[in-house]
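After this come two complexes, each holding chain A, first together with chain B and then together with chain C.
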Partner chain A sequence: MAEEFKSVVSPLPGVFYRRPSADAAEYVQEGGRVEVGDTIGLIEIMKNFYEVKSDVAGTIDSFIVVNEELIDIGQEIARIVVE
Partner chain B sequence: MIRVIKPGLQTTVQDEGRFGHYAIGMPPAGAMDNESYAVANLLVGNRRGAAALEVTYMGPELEFQTDTTLAICGADIPPRINGDLIPTWEAVNVQAGDVLTFDVLKQGVRTYIAVAGGIDVPVVMGSRSTYTLCGVGGYHGRTLQPGDVLHQAAEQARTPKLGVAIPAEWRPQFPSVLDVHVVVGLYSYRLLEDSLNEFLNTEWTVTPEANRIGYRYKGVRLNFVPRNQPFGAGSNPSNVVDCGYPIGSIQIPDGVEPIILLNDAVTGGGYATVATVISADLHRVAQTRTNQKARFVAVTVEEALHRRRQKQQRLAEIESFLEA
Partner chain C sequence: MGRSKTNETLIFGPFFHGLNKRVVRPEVRHLREQDEDMNFPKLLIANRGEIARRIIRTCKRLGIPTVTVYSEADRNMPYVQEGDERVLIGPAQATKSYLNMDRIMEAAAVTGAKAIHPGYGFLSENSEFAKRCRETGLIFVGPETFVIEAMANKIHARNRMKEAGVPIVPGYDGPIESVDDAVSLAVEIGFPLMLKASAGGGGIGMQRVDSEAELRMAYDTTLQKAVNFFGDGTVFLEKWIEEPRHIEVQIAGDRLGNVVHLFERECSVQRRHQKVMEESPSPALTTKTRERLYEAAIRGAKSIGYTNVGTMEFILDHNGNFYFLEMNTRLQVEHPVTEMITGLDLVELQIRLSAGENLPWTQADVGAAGHAVEARVYAEDPKTFFPSPGEIGRMNLPSTGARFDFGYGEGSTVSPYYDPMVGKVIVHGMNRHQALAQMRKTLQQMQVDGIQTNLSLLLKILDNHQFINGRYTTNLVTDLLRD
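Moving on, here comes the complex of A and B:
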């Protein structure tokens, strides 16, 4: 059976972060496992931090955007191989 | 009563604003897109100035605990009641137990949820608007949080007309590059002439630092006329001796990134204000989002006043349309 991918798409424009703070570990790495509701990154907008969550369980195939990249609404953030 | 299940990114209670206290350093707060806010209020039959919810980027999830009427106007963030899409720019009845949710934003930034009677929070210094920086007004001076319960006031003047939608020509446009009309001054003479021209000819991009306090843009570096700074002014050539900042005024600290000061901004300080956005365009600025483009277009004071009259006239026409 072919693998099913799920794209995580940004609902906001802003700066994307892979980690909760500068000296913390990344939420999840490529190849890492995520459950439904797990945070995979943050988007900073208007000095607010919005948690980007996975709505599927699976493994992170790849991040399409890099840490601290300025992203837009509708932009693909990551691809998850759905379990 | 309305129960907040999820608050959205930044949802606050706002009305027309808290005017008359600027001299003591109190900015007006109030609805950033005052036109969409006013139309939403008119649709549910509220008196001018009733309080509504200002939603930013992401809509809240709200449960209505009584039957009521609502109207949603502003940015295009499709709303749903119990999972079914409902129209915007039109009064809609909801029943006790109904849950309002929103899809992802399509265009604009801010949308307004008006409910019959308005949102009932204490009037502080003449207004129900939330000024979050100082925790003044609105719902306990802050953005909404899960579990908050909102009560409705009795500011309804007319019975809402259901099924009547505001025609498209009265709804906001969301151009890919917004022309922001400005009156040049008071300290535009502090910019080098080339820099003033560049300020007016550059396509600026809204940065992530764009909120109720101000909008910051990136584009090109501008330069100020070198001088020996006078006593009382800071050492950077973009500094002047402190002055009052008009709402909509544009400062360019160190010549790097222009900032438009908006509803929740500081009322004075020591940066040279090189131009001021005309009042008739402030609500359009409030609907531009991070990464979008804007150009500053110089107009005369007469043109600014003309556009302000046009805006007032547009609202009056919408009001008579709904009363007809």
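Moving on, here comes the complex of A and C:
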């Protein structure tokens, strides 16, 4: 059975964060489980913060963008192995 | 203090250029004879965009050499080329460039700059930065380090003002330890309340709560935001003021302990707790309340030994009672409103005070005339306020009738990494009616293509009867979008 990947793409340009604050733990780690609606990261755009949520349940395969990296609209953020 | 000192024929400084000459305006009060070079060292501007351009304009007039700093995202911004020297300080992320003290100190060392102007936002109210500048022998254009430190914490600032006899919003002045702690205090003070981050600012980290259930819900998120944004999870409670208006008083102080006020600015037109339109004088104040407000602002500033230019922010309730909110130890975004009614150049005043000069006049010498209004043009959806970065195509700014403080020009890119403010439009009239008409005319003539802007919202505000009557509160924009 082939594994089904789901790409999470950025709806916005800005700066990507994997944790809610500099000292906090990451929302989710690679290999970690996510449910529908779970936050996997933050995007800062013009001093506003938007949560990036998963719209599938599954396991994080990998993050394509690292913490604090600049990100463009439509850019792939992470891949999730769908359950 | 007179409000009537006017002159119809005087030539204005560079930023008054383009104003309709028939409008009666205050006499321009350059602190020294115009174009006389000031003996002030090379100044590095630790900021970007419109405020960097604004500072450069005054420095050029005073003969002060300038250094601009920029991030990789800002290479093509107009301000970068307008300074005499420029230094790339890092990647787009503010934490790696405009908030990176090491890189800014290096830029000063490399260029031999001996003074730093922090502008507003970024490091402007960071006492650690002011301290580092001064320990390195640089002039920091701003108040003493201990003053910045004292006002940075809202609980501390409230207590200092209370001691000085300045009215503060009823509430709890100590930090709150837990959500149960918050609830029992809230019951004591009475709902509705504002839950606020002590280290907060710029409208971030505050939440209105109307009931115990709402307080319990808001507590964790406010605390989390306080930690995320300000690295300090201390929160406190303030009584909610009904029909609130935000009115601030511009003050200036010198090292001899002289403090004067430079009148007020009405800042109640806000969206998401951030200012959209400001005016002076405030249409809400009676002569008596206005005088009490000025007196409180001066008393508060004197009590902490304030030096340089600063702003005391107050909240006014529907009975004309006012309460201290916070003090901004820097130049405000909306400082041009004050410049337009007084004829003063506040950046020049900041520079001269930081050079050790004293106030060149007493309160009685400072006059204001007419009415000024400022509108902030934001790159955002006019209804949802959703940010709209992108490249500006055509940008038409009428050549007369208004002052334009813009950080961007045609072909500039409004990047997603910084503040959404594209620029400010400032007008002056003999009275409020004339100033509002001039603002309406100017905004109608303006065109900014390529990005979404709030121009249509600004025009809607100008057509709103509450705004026209001067009977508006901080709820104006929310009410207007609901209708």
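Going forward, the second predicted complex is superposed on the first by the 83 of 83 C-alpha atoms of A that agree within 3 Å, B and C clash if a C-alpha of one lies under 4 Å from a C-alpha of the other, contacts with A are read in each partner's own complex, and residues count from 1 in each chain.
Throughout what follows, a residue touches a chain if its C-beta (ideal position, glycine included) is under 8 Å from a C-beta of that chain, and two chains touch if they have at least 3 such contacts.
Just so we're clear, the structure is a prediction, and the values are computed from it rather than from any experiment.
Student: For A:N48, decide between first (touching chain B), second (touching chain C), both and neither.
Tutor: In the superposition, A:N48 contacts both chain B and chain C.
Student: Kindly classify A:E68 by the partners it touches after superposition: chain B alone (first), chain C alone (second), both, or neither?
Tutor: The answer is second: A:E68 touches chain C but not chain B.
Student: Pick one for A:V15: touches chain B only (first), chain C only (second), both, or neither.
Tutor: After superposing on A, A:V15 lies in contact with both chain B and chain C.
Student: Just which bits of chain A does chain B share with chain C as contact spots?
Tutor: 12-15, 44-48, 70
Student: Quick check: in the complex, which residue numbers of chain A touch chain C?
Tutor: Contacts found on chain A: 12-15, 20-24, 44-48, 68, 70.
Student: Looking at the complex, which residues from chain A come into contact with chain B?
Tutor: 11-15, 44-48, 50, 70, 72-74
Student: In the complex of these two chains, what residues of chain B are touching chain A?
Tutor: It comes out as residues 9-10, 56-58, 104-105, 208-211, 289-291.
Student: Which residues of chain C touch chain A once you look at their complex with the stated criterion?
Tutor: Touching chain A from chain C are residues 91-93, 95, 224, 227-228, 231, 379-380, 387, 389, 416-420.
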